[in-house]
């Protein structure tokens, strides 16, 4: 199991909480390690969310994604983990996190996690 | 907070208000300043709306978008701001404004605001 | 206001009126004039419709679209006009007309009109 | 009106009739004749269907499509005709046939026919 | 009918069964044999599923797909077969399997199978 | 061996023979027959030439290319044939003819013939 | 033969005549008339040149290209004509003019004229 | 070392040996085995040649490429092998063979062999 | 005429001056002003050079390109200006600078300047 | 300055040294660290070479590229370094190494090193 990254996601107050709107990030510079072999994995991480009271601060998001560089974690687990960390800090109305991983064994893998706030 | 741009959006009467139809603009020449660092930000602004009684005049829209050139404003705030200014002058049946910003810190950001008129 | 084009749209009986199906045209060779400046505008016109009892004849459609060459008309108005002329001659079950205009003032404009027959 | 092509569509039993699934073909090598001028027309034919008890045999489909080579037929009519012939031999749960024709008079034409089995 | 491949699909426990999320694979290196002529067929296999209690292990999936190399099987049958084998080992909440085959007789064929768990 | 097509290529005087310049055609609507099996073949024909005293007339080129519709001819032969016919009528300073044929047996074929006038 | 357009190309002094460099324009909004049928033709005009003492002024180029709107001229002739008019006003070290015309009779035509200054 | 494939490449007389021209094939359906691990490799094979007295027959080429299916061979070796076999049967004026292999270990590999006849 | 930007390009010693190699930058975030109208212009600047003893420092290049934001300058002049400033600080073996400007008056403009060191 | 990576590039004898041919690799999974800030950099590494007596072994190349993961190195330096290490182990007839790095400060950087064996 991956340990908690030392970098903390930071938030700022949503400037327009009276309205549903969408913020989307595409981060093609993501790498972690395979927990079985220790070999590097690479992915593009895509995040799309509707903020409630808080928005994620871009620089802390960059550092957070970099913090997986030396962690061993499976494709399914790391995508859920990023979703959970963002949900826990932002409590968004809606969020989707996609991990789009490079070819391994001739097969390309994408994992896509969606979460909606209970109203 | 950004101050009011000196340029005013102008409108003309919708030639076909009896019908719902869609007008869409794509403006790849948008730039503003980062309010933290003063450094320039660049974006493509996409607008899609269903007019009610008024349509936005294209030349005033161009000048309005140019008026952000020397203003400091965050990605989330400026996209909501453009939507609010258009809503305030057009009172459209529906509008969507998307700010599609260039890469910062290895991450590309899009903000998309949608508004529907209460019927 | 544009005057009536001299070319008449012609129709032929729908060979399969017992079924809903879709006919789509893409005409990239459309030009008219700006009513303010007299300068030429260019667009791709896309038409998609479900015929009821009549289909539009392709050659008359070509001549009809060419007939706007020397007319001054705004983007919003000409797209609604083409839709209205086709509705008036075909009385289709459904029709969508899109005018996809070239860049003016750094901004690309699309106008999309949709009409459904009252049943 | 086109006469009956001499080539017969053949079917084989659906290996998995217990489940709804989709079979799609794209055939870019279709040609027929214009019934007005006798000049050749070219199209890509796309077929998408959910089989019920029967699937169309691929080689007979190829020969069937080739059989239009010397027939005069309009865009709208031939697309409906292919749909009807497939419906008559397969009685599918759902079928869509699209004829995507080359440019004539500066205009590209697509005809798309959809049919669902009455349940 | 194809015989049972000697390679066994393996699974591991879904790390996040409390949530619906999607895992998608694209495997462009698939080949089998035509059961009529013995000639090779090639396809890209795409799999998209929502795991329930089990996820498919990537290396066993690779070996499973390779195991069709010397089997004779039709396009429709092999796509349903892969779906059935994955359903039988994973009992997923949802799964879609698409076989996207190379051109034969001038025609490209895709078969797409979808299955949802009875709730 | 294919027999002489009944349609004749026609030429008109080069309006600018004092200068080397290039005229290029792309004709995606070409079909002939396989001389072995009688089955239809399809290709895109691309022609690129530098005229000397004569240019090929576009409508006669269209009819000329259509005239192969019922002729049996191999990929290599028909591409050389088109080049030879154009050379014989135009005597161009340079010409290149490319036949870009559809997939047969899983293999796509292009034949490209180049000819320069002896000076 | 086309008559002289009323609009005059204008030039300004090359700011860097000490160096060979390239200026390229792409103008997708070009239309003229077919001298045989009077029907409209459409093209993208591409110009690429190395200035000597003079550069073409952009706005006069726009008006110059628009001035062909009501002229009847063949594809080969109009491309040579544009080249000649630019050569006559600029006397450039090198120039290439390409007329890329829309499909007529199923065939797309490009004409490309190149001229180098005698040194 | 791979053993001789049982399938023989066949040739037919070049119909136009008086001229240099190019024949190009693209075959995306190629598979062989890794000689180290026995695991399948996949590639697109591209062949481009100028015939002298002989052209390769398309159906025998298809069977020849299929004959590698059960052979163990390295990327570099198999591409040179195909070139050598074609040179030996055709003695072409020029030939280029490219093997474009799928990703292994996160790396895509292409091997390109060129041969010109000694004149 | 533009005045000297306040930001200074900085260099660092070429780590491999014993060899010719190429460094290429693409900067899509460039804006300046039209010296005639004061309206903003936008461009992508592409730089490709072979260093001699010095390489340009990336952060100073970013600030240098930003320094044109409030300057009035023509397309041809600013591209030559950037080339001259880089030549003056780097004295490179070879350099090419391309300014790829957005549409104005329906026309897209590219200016490309090339310079080789006298040997 | 980067220290020597612990992983050693390995070679095998060129199976066809009698002929010049090209081997090309594309490795999109490359990451190192910025020597100034310690922040990660990402690149695609492309290698294209003509072997003399030795070819690089693919698995050792993968491990070699991974060995830069924790090294601080500049774009220009690391591309030259990879070229030098390959030259030192392979002594190839020709080699080109390209480092294609992600956006930093709004600017994309490519470094391309070419080396030819002295004959």
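Chains here go by letter, A, B, C, D, E, F, G, H, I and J, matching the order in which they are written, and residues are numbered from 1 within each.
The rule is short, and it goes like this: contacts are C-beta pairs under 8 Å (C-beta built on N, C-alpha and C of every residue); 3 or more make two chains touch, one makes a residue touch a chain.
Here the structure is a predicted model, which is why all the values come from computation and not from measurement.
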item: Chain-contact steps, minimal, separating chain G from chain A; value: 3
item: Matching chain pair for B-I (criterion: over half of the contact pairs shared, by residue number), options D-F, B-J or C-D; value: D-F
item: Interface numbering overlap (same over half, different under half) for chain C and chain D; value: different
item: Whole-Å separation of chain centres (CA-atom averages), chain C against chain G; value: 31
item: Centroid spacing, where centroids are CA-atom means, of chain H and chain J in whole angstrom; value: 28
item: Mean-CA-position distance for chain F and chain B (Å); value: 52
item: Chain centre separation (chain A, chain C; CA means) in Å; value: 46
item: Of all residues in chain F, the ones touching two or more other chains; value: 28-29, 42, 102, 104, 106
item: Chains touching one another, given as label pairs in label order; value: A-B, A-E, A-H, A-J, B-C, B-I, B-J, C-D, C-G, C-I, D-E, D-F, D-G, E-F, E-H, F-G, F-H, G-I, H-J, I-J
item: Touching residues on chain C, where the partner in the complex is chain D; value: 14-16, 19-29, 51, 55, 58-59, 61-62, 65
item: Residues on chain G engaged by chain D in the complex (per definition of touch); value: 42, 102-104, 106
item: Residues of chain F touching chain D in the complex; value: 28-29, 31, 39-40, 42, 66, 69, 102
item: Residues of chain C touching chain B in the complex; value: 74-77, 79-80, 104-115
